[in-house]
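Presented below are the structures under discussion, each in the form of structure tokens.
Consider the two complexes below, in which chain A is the common component and chain B and chain C are the respective partners.
Entry: the complex of A and B
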């Protein structure tokens, strides 16, 4: 009961944020000194062409009316049309968003699965060689630029060892001989649903390298965060009490202490997840990954406002969603949070 | 018959300022089924003694000498796995602040269940009944509901009862209670002490009660050990020591107790303060604060001498009375 009301309150707050971002992006796109109609018209348009397009796009109407139309379209689930390619943004995103999400989710899973146990052990054995080694790895992961790491990874695992492909989501053979039936846009899920295991392994093969490169930052953060909060938690009296009760070290570390120490890492990784949706741009370019980062960067270079706004909105929704999820996890872990 | 004996226990802490000598040769014996009070001022080594017994000292602490004999085994010699089987199972501990000693993210039932899983052999289904029994035995209301309650939902007194229930889970022979009532208000204190006495009587558990409060010792304990600067200065039965304190420090402590009817009168204090553990103490550690100090006290350390039946005190005053 307490949990449900907590959930509803948090969701209510999220709606405020979403509405705020909606208004802001709309205003920003209308005050920026550039004429969308001229952009839409292409190179060197005649004034009457521009006027015509303004009418077509509704840009001649008052701002309040434009906002009403914009909102109405959004509520219909229509994100609009790219000025540059004149393609529907919904269609574009239905291709690029799953590609990026598959990559980012894989990176975050890698970060959590490896980062949390490593951070826990590093916190449990401070000033040990293991602690120093993980510190080095964590700081390197956070500070090494992803494009450099991507190039090194390619030169080692593709050029030297030949273990992994250079880039793209799937090999040409797979698309020709055992194509994936698109349903969710997540290749691993789609291939698994249709039992197309050859394509599944091929997609996984392509995912490994970019996901590893993208996970370097969240992995480093997870290790450092978990290590630091573990160090703090292990000095608490309830840990001494657990030791005095004769509980085993694994139970104390991975159950009693970790539950208290895991939240800061989850919070930061949640933020880096949402950030990576557009922030994965460099990794996407280097690995020829058809993702949102690449899509929105091209839109920015072309001053393609509808695309920029749509992606901003989508990323906002993910930020809100991830934050909400993190809050809910925290409330599940800590009964005291539900009271706030 | 002593169930637990501490012999010549010496503990030092490494600090940036040098070694701190926390315990400088402690001897004490806990009789089976007894409540032994361990009293002294802050920093005298009460808690360090308690922590040494279950080998849970901080990392910078080092036991340099001594023996802790529990059922013919020296606890300082047993390996870590064996020590873990003793902790909680044979020797349990209760802490000063129950709010800090209970894990905030687990229910009372889960925390007791962990102890049962570590030490007892009950099947999973039986454990819940056992937990309810335990919670009932420490006087918690609605024990069946208390199983699923989180520590923050309990009052301070209830938290300490839950902590005691957890310490009883594996049916230990010895409980070390480190200032179990200091964080609680006075009426609750009395209830918790009553509970400890009841458990000691009914379950024949031996208790080491660490406290700075002589009033609690008088009400609760059968025997008492008075510590000063990491050494035992006086020990004996509560009756003997309260009726006839021998060591000037013990006398000072008793004189410093507020008396009923003594309202408005200034409390007696012992002048000076406890020596810091950083300096090597030569002679009697209490000498700088003692009103009966003699030349000899500053050079030699007095040993514990028999004062009567099972009443020991470490002071040269007695020696001069005996030998002169």
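Entry: the complex of A and C
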């Protein structure tokens, strides 16, 4: 019962945030540009075209009516049409969103797989050289700008060593000779489904560098959080008891302590997943990764408001969704949270 | 930890050999393109996708690169003629041409394609405003009936909206084209499209022009926004062609081995329109003084690294209708002071507002250089960067409270001086793009007269266009800043490349060999 009311309260808050963002984005798209029809018409339209477009976009109607239509379209799941390309934004996002998600998921997986063991060990051996080294890596990961890291990574792994490609999601050879049949939009999955292993390796090869760069932030956060809560947990009496009972160090660290230490780390990683979606924007541009970031960057350059707003909405929904999920999981695992 | 690190390194080493190129049996040309292709619909596409359109579709007539003997050459039409009043145009189509989907090119197909574009009415479709009706007079004869005399042969050579698509494709909607489908008559077909990333074209084996050894059979467009990456690609030979790098990078690139930087004048120029309605720029002497105050040489050498050229009137120097003998203002601050004194502003003492597109740093620097010169003659310049549509809104709402100087780029939709002269300077009841609000009945009638005969007597039309520009320059309705260059980077082992500014940044791959 307590859980149910907590759930409803949290969901209510999420809806509130979503409505706020909806209103803000509407104002930004319809009120701030002094002439949306001219934006839609593109470079050098004729007067008749601008008039036609005003009618087509419903800009001659009152703002409240425009907002009603906008909401109705959104509830139908229609994000609208790009001013610049006339393409449906739903179609575009169905192409670009999987690319971004593939990158972000890979980055978060890297962060977890490397971050948790490193953080655990750093917590287990405080003030050791390993601890200091991981602190340095973690703080660097969180504070170094991703675009700088991306350029350095390109210069080392592409220009100097020649191990990894400069950018893009798949090689030209793969496109020409063993193209991936698009199904989910996740190249690793699509290539695996069709047994196209040449393309699978190719896609993985292209994924490594941008995913590593993008993982810097969540990796740093995961290391720091795991290390901090590990330190705390290791000073608990039950750990001392386990030690006294003669349990081996790995068992104490990874079985007993980590279970309790991992919660705060997971919370932050959940949030940094949402953060990484926007963090991916810069990384995508530098690695020519055809995802939402590259898509919205072009939209910003073309002042393509419907696209900018649709992406803002989608990212908001992700943020809210991940936030909500993290809250709910926490409450499920730790009853004290439900009372807040 | 150590084991994990070793594993990663081993994995990378293991994967590397998998990715050596296997493309040896194909002759592939790679175009490193700085932006995505927004709209692949040949009727409404009005942007960078023209580099694809120009190879997949064809027009009835073709605008030749500057320096050719003739302005136009035949493409899908082999010959054409206009009635004496320029109101009826007859085009004879090429025989034996097929679309990529197998349909034959005939008069019905041309009619259907152009009717589609006209009825959609988006993008550059307005260039067909003078067409009343299109008739298939015979299997291979198309007749156009116009409501106003116009140079239809030039209109039909346009690099936007004039493409002929197959009758089956003409039945499709915008989404079909944007899924990567196409059916033109051009030498290349769209083989695959990964939006925002890559597009592949393949040679159309039944192309009417035929194929010879050495021509490219596969074209790849790599969409790469980051200019640093583009430059790396062209330097390493990973791309054969690119453009849109920062100005400063071209110098070192020109010295790099295996790469040529090709600089040719484009048909785009930068002007500053002067408000002819509002004081003090309503005074012709003030506008002339401003024209003499502008630091042309500084802008050309410092801002455009010497690759642009100072404009002489509105029409670019390499285009028909340009007047080589027209008045060209140059910076002469003494003369500017004299003119200001004559106009009643002996020490300047007024201030002007110059607006430009906020994201355009070139336009901003043009303003800054000009402001420094103006300060010397006692005129203050406020530089205001605005979003394009806000800048435009300010100009069209009320000329009396609008900016005095409007930074403006212009390029033609089809290649005619009329584009500049009618677009920006013929009197308008409500301001639209005549943002100097220039109004001169003599000028208007010269331009209208030239336009009417430009389809039948281009020499006479040209003389009238030049006479019109003389009036314009004397009235100093605008400052003609710079004719912009097209700067293209091409790998040296590609031969046959010629830039044609009539089709901006389009590489006609069919003409190239390696």
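Here is the rule we use: the second predicted complex is superposed on the first by the 294 of 340 C-alpha atoms of A that agree within 3 Å, B and C clash if a C-alpha of one lies under 4 Å from a C-alpha of the other, contacts with A are read in each partner's own complex, and residues count from 1 in each chain.
We adopt the following convention: contacts are C-beta pairs under 8 Å (C-beta built on N, C-alpha and C of every residue); 3 or more make two chains touch, one makes a residue touch a chain.
The model shown is predicted, which means the values in this text are computed figures rather than measured ones.
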item	value
Contacts of A:39 with chain B and chain C, given as first, second, both or neither	second
Touching partner for A:5 - first (chain B), second (chain C), both, neither	neither
Which of chain B and chain C A:49 touches, first, second, both or neither	second
If touched residues of chain A are counted for chain B and for chain C, the larger one	C
Touched partner set for A:183, first chain B, second chain C, both or neither	neither
Partner chain(s) touched by A:260 [first = chain B, second = chain C, both, neither]	first
First, second, both or neither for A:90, with chain B first and chain C second	neither
First, second, both or neither for A:248, with chain B first and chain C second	first
Chain B versus chain C as contact partner of A:169, first or second or both or neither	second
Touch list for chain A against partner chain B, complex	236-238, 240-248, 251, 255-256, 259-260, 333-336
Complex interface listing, chain C residues touching chain A	1, 4, 12-13, 15-16, 18-19, 21-23, 26, 28, 30, 35-36, 38-39, 41, 44, 46-47, 121-123, 126, 129, 174-175, 178, 192, 194-198, 200, 218, 220, 222-226, 228-229, 232-233, 238, 359, 387-390, 392-393, 413, 423, 430, 432-433
Chain C contact footprint on chain A (complex, rising order)	33-36, 38-39, 42-49, 52, 82, 84-88, 91-92, 95-96, 114, 118, 151, 154, 159, 162-173, 175-177, 179, 198, 201-202, 204-205, 208, 285-286, 288, 290-291, 294-295, 297-298, 301-303
Chain A-facing residues of chain B, complex	54, 56, 84-89, 92-93, 95, 97, 100-106, 114-115, 118-119, 150, 152, 163, 166-167, 169-170
